[in-house]
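The same subunit A turns up in both complexes below, where it pairs with subunit B and then with subunit C.
So, the complex of A and B:
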């Protein structure tokens, strides 16, 4: 269900102003060298020139520190106070990239796997995603190799592609998108004949995910896990900027007889992530933790949910203090001949 | 090949070193740390102003320690880190060769810690003017202004611990933030948890930080928490005439002298 319209450049403000009457808008805001999704009040606050935000749009739906409930000890009993989900406002995620929009599919799948997470789902249900296609990319981008692309529509409710004229091609992709269009129908005009493709960044395909998955199934003992991860510092920067990493830790914070239970972002790159109470760690080395990160995204998740846990946004490579470049490392894994399994083959 | 590349290749081909740690070209005009074991790789070593990651951090890693004798291409901050780590008994002299490159570009090979210690002691840690100005600005703030300044900066932290991971002095196998019986530092990255983390980290670096800036360079969010460690260095300068990592001198915060001018401990 794709309906295409032309949105004049001057209509962008009208759309924004219409939405902010009833909704909270989160959009990329630049502060120093860092661009991240913040709540904004006007379109002027929104960053103009950014290839990619430093932190992904994930941070709006999957909070880095989410209070699951408050508790209180009272008369020998424990009283649980769950958050009031009715108070979650209607949200608009404005200006996210197609790779971020697609990654919500991965988060949705994890938070609805064997248990429907009502906090995540409530926030998701009240969010509309208005993405902007990419007309520029950098050498870290590899969305076209990860099942996404500069004009990919999956995950967005409305996708806007800036045309050479300065106007936008607006693709209404979902019912939520239609609802927004119906809030201000006059600005959605008959589209011009200008092609969307001509206005998208060119991002070369470096590998195909199906081939990578097949290769990874034979790569458990590859030496590349060791050589690639030698410089990995074991921090969580890659996981925390990633739009699809969803691992979390549950923490209780108690003060006297009351407290809160929170869900906090966590990362498989930390040695503590798998350390047992006994001190034994089933993923003792950074190489094993690096293997887990890649296998989870490109082998296990495709098996479990049918798509990769990476959309090729390149944030992990940009954020890595030791220049671990995921695109380069995946390409090397595809051409790897160091694992005993591959040698036999 | 240039001088440090030739030395590195020579150490590997003679078998004197099992591995050379240095920098090579990385992605998007960045450099990255490399771990070479073959002499022919040495020609791709680079060293210039982009080499700000402190690669001394790798010397205490289990994966590297088992590799045998390591030669390391060391900037002045890396050399200082090696001496500080040695003074804390974290490195053994016979397992490290330092291919030092001084700020003026002179290549000096150090085979023992004494010579390296003498060189490091001949230098002084100087806080760059732009940071001194910023620190002065913060110090001039009223308590409320300063609280708001730090609240604003530190509330952005999402606790990826890249600062800790990038710091050679943060070698503890179990960090205070991982102690949970009791939980000293809150795990969630809320403002209080972030304050406690960054203040604790700064305090644990008092008298140890070599001002390499690797922590701030590593932070994906550009949080200026390095002002805390830099301020402490300036404070040490005022109170104790400064400090330098050293194998001979006293570690300022973990040493006690009977004739200390403070007498509360006597």
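So, the complex of A and C:
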């Protein structure tokens, strides 16, 4: 159902201005060295030249810290006040990268399997994702090895690809995308013959996604889990910046007789993540926690949900203070899986 | 479509507090809302998230039987932040409860079979639910044997119920305490659970073994059961791992690709053997 149109460069402002009449727009904003998603009021505020935001677009739908409910103790009972989800405004995530857009698929899946998380779902239902294809990449990007790509459409409602002329190829991908087109149909013109692929960044494939799961499972006993994680500080930055990481903690905050219960981002890299009250820890070492991170993304999620929990955005490698590079580490693990002593009995 | 905020707990009033052992208490809880009580049901083996508002949530099994319909019970040892807050509660206080979560002990599949319960220390509570469930449906099962051990006599939980089980002629109860944990008038066994099990040598024919205890007890009990002829499919246990949500989203209780909260907490020994030792 993909419909393609030409959007003149001057029409971009028209589209933005139309959307902001009724919606909150979140877009990448550059402040110093950091580009991050912020609520914006005009297209001028939006960063133009960036490869990737530091924190992913997940932070808009899956808040870093989200109140699950308020409570108040009174007259020997407890009153629970749930957040009013009807008050979540209509949102547009503008300037999402295809890798981030794809990650919403795994977030959606985790927050909906068996038990529907209406806090996440309500925000998701009110959001439209307008992504921009990548015409540049850096040495950390490996989307083409992670089932995504610089012009990948999955997860976006509209994907815009900048053409050499300065105009945009607009792909309307979903009903939400059609609704936006219908808000301002005049700017969506007949597309030119210019190919989308010619205007995308070239990102070499470094490993084969197809055999990845099996190879990692074969590498379960590899020494590499230890050697690769030796420099891991357990800081959790990788999970923090990851567009697909969805693990969270639940914490209470109390002020006298009232307070909140909220959920906040967590990381499997923290030793406390799995530690029992008794002190026993099922994943005692950083190597086991590193293996969990990789296996969850590339083996468990594919088994449970049918797709990986990584879209190759490369943020974890960019953010790692100890320079752990997931792309290189995965390639090494794949290589090591062929060694017979690593086979799981 | 269920449009409920799944993180909001039921409000439960503490009806009765029983001091079971040093640091171990049982709460009998009743729903504050009558409608909640009517719509609530669970099965033996399931667990919940119990909470003190302002302190947080903690995961325990439901220790009462689903055949006792007007309340639920939980037994916990005061250890961390939440259990300490729970321990300071008084009868009449309101706490939070989310659940039931997880899979069940397949009691219906065990009809006509002998049941052998093997529990250690604070791990009797997850088993108590299924013991009472089986006793309330007594005629459906063959012999019921309970082997329960704790470090010392005072660490044995559910002392009144142990007396009751011990005096019933349709239950065989063996209690044991670790060497040195006995009192002068102790009439039970002395020795670790696996050793006592080996000595009592229960028949494995047509018998289901349900094992729950600290990791070290589990580790030495499985080989004994194996020696007695129990097959991997006839041995059940219930796992515990740190949890936050209870429904497969917070991401920490997994053992390999299996979530203890969703796929467990009840596993057969065969399933356990196929998993990495992340529990």
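A few points about this structure:
Note that the second predicted complex is superposed on the first by the 336 of 345 C-alpha atoms of A that agree within 3 Å, B and C clash if a C-alpha of one lies under 4 Å from a C-alpha of the other, contacts with A are read in each partner's own complex, and residues count from 1 in each chain.
As a working rule, contacts are C-beta pairs under 8 Å (C-beta built on N, C-alpha and C of every residue); 3 or more make two chains touch, one makes a residue touch a chain.
Only a predicted model underlies this, so the values are computations on that prediction, with no experimental measurement involved.
After overlaying the two complexes on the shared chain, residue contacts for A:278 are found with subunit C alone; subunit B is out of touch. Looking at the shared chain after the overlay, A:251 reaches both subunit B and subunit C.
Once the two complexes are overlaid on the shared chain, A:50 sits clear of subunit B and of subunit C alike.
Judged by the document's definition of touching, subunit A residues 249, 251, 253 lie at the interface with subunit B and also at the interface with subunit C. Those residues of subunit B lying in contact with subunit A across their complex are 26-28, 30-35, 53, 57-58, 61-64, 156, 158-162, 164-166, 178, 183, 186-190, 214, 217-218, 220-222. Considering their complex, residues 68-69, 71, 73, 76-78, 80, 82-83, 110-111, 113-119, 220, 246-254, 259, 261, 263, 266, 268, 273-278, 280, 282-283, 288, 292, 295-296, 299-300, 303-304 of subunit A touch subunit C. Note for the complex: subunit C touches subunit A at residues 1-9, 11, 32, 51-57, 79-80, 83, 92-94, 96, 215, 240-242, 244-245, 247-257, 262, 276-279.
Those residues of subunit A that touch subunit B in the complex are listed here as 32-34, 36, 54-55, 64-65, 138-140, 226-227, 230-231, 233-237, 239-241, 249, 251, 253, 262, 264-265, 267, 270, 272, 285-287, 317, 319, 321-323, 325, 328.
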